[in-house]
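I have placed the structure first, in the form of structure tokens, so that the comments after it can refer back to it.
Lettered A, B, C and D in written order, each chain numbered from 1.
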Amino acid sequence: MHILLIVIGLPIATGLAILSIPARTKGLREVLSILGMAANLVLVSTFFGKDIYLTLPWAGGGIDLSFRLYSFNSFILIAAAALGFLITLYSASSMYGKGYSRLFLAYILISFGLVNGALLSDNLIAMLFFWEGLLLTLFAMIAVGNKNAFRTATKAFIIVGVCDLVMMVGIALAGHISGTLSMSKMAVPMTGMGGLAFLFMMIGAISKAGSMPFHSWIPDAAIDAPLPFMALLPGALEKLMGIYFLTRISLDIFKLEMHSWASTLMMTVGAITILVAVLMALVQKNYKKLLSYHAISQVGYMVLGIGTMTPVGIVGGLFHMINNAMYKSCLFLTGGAVEKEAGTTDLDKLGGLGLKMPITFACFIITALSISGVPPFNGFFSKELVYDGALERGRIFYFAAVLGSFFTAASFLKLGHAAFLGKLDSRNSKVKEASWYMLIPMILIALSCVVFGIYNGLPIDRIIRPALGNAIHGGHSFAGFPKNMALVAGTVVVLIAALLNHLYGVKKTGKGLGAVDHIHNVPGLSWIYDKAERGYFDPYNIGRILVKAAALILSSLDKIIDFFFSNVVVWAADTTGLVIRKMHNGSHKMYIMWSLVATVIVIIFLMRTM
Amino acid sequence: MNTIDIVLLVAMTLAAVWSVMGRSLLKATIGLAVTSAILSILIFRLGSPLAAVFELSVCTGLITVVFVSTISLTKPLTHKDIIEMSKKRNRRFIYLPIILGLVAFALIRAGIPKGLIMSTGETVGNVTEVLWNMRQLDMFGQVILIIAGALGVVVLFAEAKDDAK
Amino acid sequence: MTPNNPSELLYVFGSFTILLLVAGFYCLVVTRSFLRAVIAIELLIKAVTLFFIAVGYITGKPALTQALVITVIVVEVVVVVIAGGIAISVFRKNDSLDITLLNKLKG
Amino acid sequence: MMPSLLILIPLFVIMAINLPKHTGRRLAFYLALALFATQMILAVFHQKLFLTNEAVGIDRFFRVDLSIDHLGVVALVCMGIVSISSLFVSRYMPLDESERFKFTNLLVIMSIGMCGIVMAKDIFSLYVFLEITAIASFILIAFKKDIGGLEGAFKYLVLSAIATVFMLLSIAAILLVSKDTSFAAITEALKVSGSQPVVIAAIAIFLCGLFIKGGIFPFHGWLPDAYESSPAPVSILLAGIVTKVAGVYTIMRITMLFGSSASINNVLLLLGTLSILVGAFAALGQDNFKRMLAYSSISQVGYIILGIGAGTPLGMAAAIFHFFNHAMFKSLLFVNAAALEKETGTVSMSKMGGLAERMPVTGTTSVIGILSAAGIPPLAGFWSKLLIIVALWQAGRYSYAAIAIFAGVVTLGYLLTMQRKVFFGKLSAGLDDVKEAGFGIVLPSVILASIVVLTGLLFPFIFQSFIIPVKELLQH
């Protein structure tokens, strides 16, 4: 068995094993899942950086099961495996004893097998096969949450499914144009159909990453789906895979130039995602929903970074991807801890938990600061690189990014204040610190955020630059403190402004939750907020309305056709019959006249034509 | 072919019209007999003596007898009915002479058709030879016909049983 | 009218046949009495016989046409007899020979 | 042995029936039955039997110009079958001994007339035998001397008199150009002077005469009244074979004689299509069972005329095949009508209802008849209609083919409504004591139904042996 096949097969096998274990055995499932993930992490890290190829004949006609491990996808595999291990550890403990934990853990492992498969596969169709598999586990994991999670699961399934279909068309087009389906050998010009192919595949990639306009299932899933799911997939894996595929198509397959329409399109999508998502996050009253909107807005930074097509932008985008994966999952884990202890994630019911749950609070502070881009944490450095790239390509993108950071900072200040500071609510007086199994992953991830922040050469020089190859990043290193001091100054000013805004908000309303109400109630903005809250702009709802209208029109058309055939045609036949029967009025004179007249006509006709 | 034939033809047509327009059925039958007599003279003049004899005896004789017997079997209309009937009938039949006049006028104007290629067949044998040797099938047909006619008479005229029932 | 060629003869006899035919058909369509309809049929047959004999005379094969005419006459006698029979049966049923009553079968 | 035997034997049979007063009467039925059977056997094996063409035996002094070809064989076979079924049905009609005897006589005369038409090689003898058939049908229609029958007979008499006048006029006009009235002489004469106006008029008039006899659209006035009013066995005979031999078969002969020129084909196609449509639509709303079947006959004859009008050998072969199928399923339907009339005493469909369980055999055979009439595979009607439509298609007459297919739907319409009204549904009042028709009526309907089914199933075999030879016939 080839090493690559083991990497794919092992997690799936353990997942199936978990499924087959009888429900009575306590704890065996959790242990097995953690061991599975650990084995996966060890395996993946053993062959980091090697170049391995494997091609198996599969469906013929250019479609074969070909896998390729090289620097780029190996580092993403490691990131995914590490995070997966920690989150599985966390979810095993947090979901211990719950009914659906057996299914959930199995799904986690199976989806990891599929992620490995997708990342490793070199043939687009093979990648598509694993990519669609993930769609199923996504649906299953949401649906397993609670009873009415099924509706959100279908919503997610439809949105992601439709985008996958579009991606499939893109892949077919690209395959048709380039003649081959293996990613490493493909080279598709951006003219005409090639551009269309790129657009379709880009839609597939950013929809997997969860950026605008395909994001609307994530906030719903935040409420319905079990929390570890949010931490694992929307938090980490989906971002990794989406951005990995986006970089592969824009750098390897289509080789975009700096100023092509595609890159500007990506940048605008990125910028819009940053701004709109963070504005929505600002007004959320629920811990998990707020975090989910941030997950969407962070994707905007990555797409913007890669969209700039500048070396600094791309490296910044990828670095941001890793950082986001870390602090986003850790934030979700803190949310999980709060939910497990306080029983709710509504911010107005929480308050003053900082004393009760000091370690969770500490991890929250570290990851919140890094997501807001406060130096010395990792978020700051990757955002600076993205700012540098954005500035190079256009002021507007830089301002959008910076504005995004301002709102991110403001919303996390509100979240921290509302949840952990302020006076302790009477209900959760008996709240105590989360169990160690849940705390260890949080602490580890938080520490890794700090490490990646301070010593950021490690990720950039050792992992990202070799992955991209010299052609792209022009040989000079981006590690260390950002060169462009003006940018740093800008960021610091923005952060201070966010802090002042928070203090002003708190003073004005008296409680942490109201920190951003003054922004919320701005006349124009509040109208949009109400509409957005009720889901008017959600493409999924618009689609559903269109489908219902089409059904109505078609059924009425059908009724008209039925009426025509059952009434009009029958009436016509009967009346013709009646008329003809009336003609035969029984008098022989009539019949003789018919015959004579007809004979005269026949004679004339024949005389003329014969 | 000379004027006498034309005269005969005209006379025949007039007799025919009179028979059609005739008030009572008897007059119609007599008219028919007269037409038939003139026709047999014409046939005689056109070189078919046997056919003329047949026409005279059968058409003028037998058919007139059949008609008269049928008329007698059916209730003769009273004199008054005939007069009243005939007034109505004349209104209907008045158009006949007009139409005949029109047709005659059209035929005269049309003139003699040219370019008619006709086969001048050689005169083969006399009638009896033709009838008995070449047309035997027709003779056989006539025999069957007469049997059928007899059966028809038996079936249709059989009065007793029908009325009794 | 001096002795004449075949097409002239055909024209004369043809037109008189047509006249007789018109008279016959008119009477057949217009008449109300059963027997007068039979007379009309007889008239039509007379026209045909005239035409037959004329054709025989014109094309010089009188023997053949005579044979045919004789057969026609025999056939027509039988037809007239049957028509008479039907007339009497109708009279017995309808008590009148008016054929406009014979229009029960319609639709 | 020679074809003329076919018309001489019946003459001896008539003599045998009529002369010995009593024995003849009782034996009449069986003698007639034997006659029709021999007729069919002679027709089918005529090649083997009539080996010697030169005059031998009776032929020496009875030199007569008769011949049988494939079209003739088909017609003679149909004649035999239909006459036998009519004979059977007549035994069970409420006729007393003497009437039944006269009926048999007329039936034999009718068969002589039809045999004469089928085998005639001379246009004048064709006329004579047409007259014999006509006279026999006048008497048969008016057989019961009820006012309906008399009216039907009168209408048929008047219209067929017109047809006779047309035919005689045309024969006289043809004699202008032809040396003799035999088919051979006429074809020869037409080759020479076929395009003269007088001759064209003659052809047109003759065709119209035959249209009247065949009951084609504008000339069909007499047909529904004659079929409706005639006694049951007579309507079987008329609908089954007489109108078709006197009308359709003769049209086939005449189109072959006069040469199927494009304009004649156009006339045939147009009138055929109109007949199909008028027949189908008129039959749609009928309440009288026999009158509906009469209109359906007009429609089906229209299909045969379409076949002839296609002008191709396949068209003619399809026409003769539909001729045979129509003879079978139409007489089957009329036999069922006779059974229904005898049992329920009425012919109006609205009074009948739910008779399927009381008269199972009649019910099933009528279903077979209907499906074949509507042209539903695998029954025979389907194959012949298919062939006609294929012939039309090959001849490039797409619109006519389309209309023919459309009319199939209407045909199915009126036939199924009939079947639903009469046989399915609940038993209507007053029909409680109805029981299955007697053996005499059931036997012919079963025979005919099995013929219809067998021709349908054995179609490939029939196509080779029966239809292809007909095409060769038309090749030369």
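Note that in this section a residue touches a chain if its C-beta (ideal position, glycine included) is under 8 Å from a C-beta of that chain, and two chains touch if they have at least 3 such contacts.
Just so it is clear, the structure is predicted and the values come from calculations on it, not from any experiment.
Q: Chains in contact with subunit A and with subunit B: which ones?
A: Touching subunit A and subunit B alike, sorted by label: C, D.
Q: Nearest chain to the global Cα centroid?
A: D
Q: Please work out the Cα centroid separation of subunit A and subunit C, and write it as a whole number of Å.
A: 100
Q: I'd like the Å distance between the centres of subunit B and subunit C, where a centre is the mean of that chain's Cα atoms.
A: 6
Q: Between subunit C and subunit D, what distance separates the C-alpha centroids? Give it in angstrom.
A: 27
Q: Using mean CA coordinates as chain centres, what's the gap between subunit B and subunit D in Å?
A: Each chain reduced to its C-alpha mean, subunit B and subunit D end up 32 Å apart.
Q: Specify, in ascending order, the residues of subunit A that touch 2 or more different other chains.
A: Only 581, 584, 586, 588, 592, 596 qualify.
Q: If you look at subunit C, which of its residues touch at least two other chains?
A: Within subunit C, residues 10, 24-25, 28, 30, 56, 58-59, 61, 64-65, 68, 71, 75, 78, 82, 85-86, 89, 92, 99, 102-105, 107 contact more than one other chain.
Q: Any chance you could list the residues of subunit B touching two or more other chains?
A: 113, 116, 118-119, 121, 135, 138, 141-142, 145, 148-149, 152, 155-156, 162
Q: Please list each pair of chains that are touching.
A: Chain pairs that touch: A-C, A-D, B-C, B-D, C-D.
Q: For subunit B, which residues count as touching subunit C in their complex?
A: Per the touch definition, subunit B meets subunit C at residues 1-3, 5-6, 9, 12-13, 16-17, 19-20, 25, 28-29, 32, 35-36, 39, 42-43, 46-48, 50-51, 54-55, 58-59, 62-63, 66-67, 69-71, 73-75, 89, 92-93, 95-96, 99-100, 103-104, 107-108, 111-114, 116, 118-127, 129-131, 134-135, 138-139, 141-142, 145-146, 148-149, 152-153, 155-157, 159, 162-163.
Q: For subunit C, which residues count as touching subunit B in their complex?
A: It is residues 1, 3-4, 6-13, 15-16, 18-20, 22-24, 26-27, 30-33, 35-36, 38-40, 42-43, 46, 49-50, 53-54, 56-71, 73-78, 80-82, 84-89, 91-92, 95, 97 of subunit C that touch subunit B.
Q: Inside the complex, what are the residues of subunit D that reach subunit B?
A: Listed in rising order, the residues are 7, 11, 14, 62-66, 102, 105-106, 109, 112-113, 116, 120, 122, 124-125, 128-129, 131-132, 135-136, 138-139, 142-143, 145, 176-180, 189, 192-193, 196-198.
Q: Would you mind writing out the residues of subunit B in touch with subunit D in their complex?
A: So the residues of subunit B touching subunit D come out as 113, 115-119, 121, 133, 135-138, 140-145, 147-149, 151-152, 154-156, 162.
Q: Of all residues in subunit C, which touch subunit D in the complex?
A: For this pair, the touching residues of subunit C are 10, 17, 21, 24-25, 28, 34, 37, 41, 44-45, 47-48, 51-52, 55-56, 58-59, 61, 64-65, 68, 71-72, 75, 78-79, 82-83, 85-86, 89-90, 92-94, 99, 102-105, 107.
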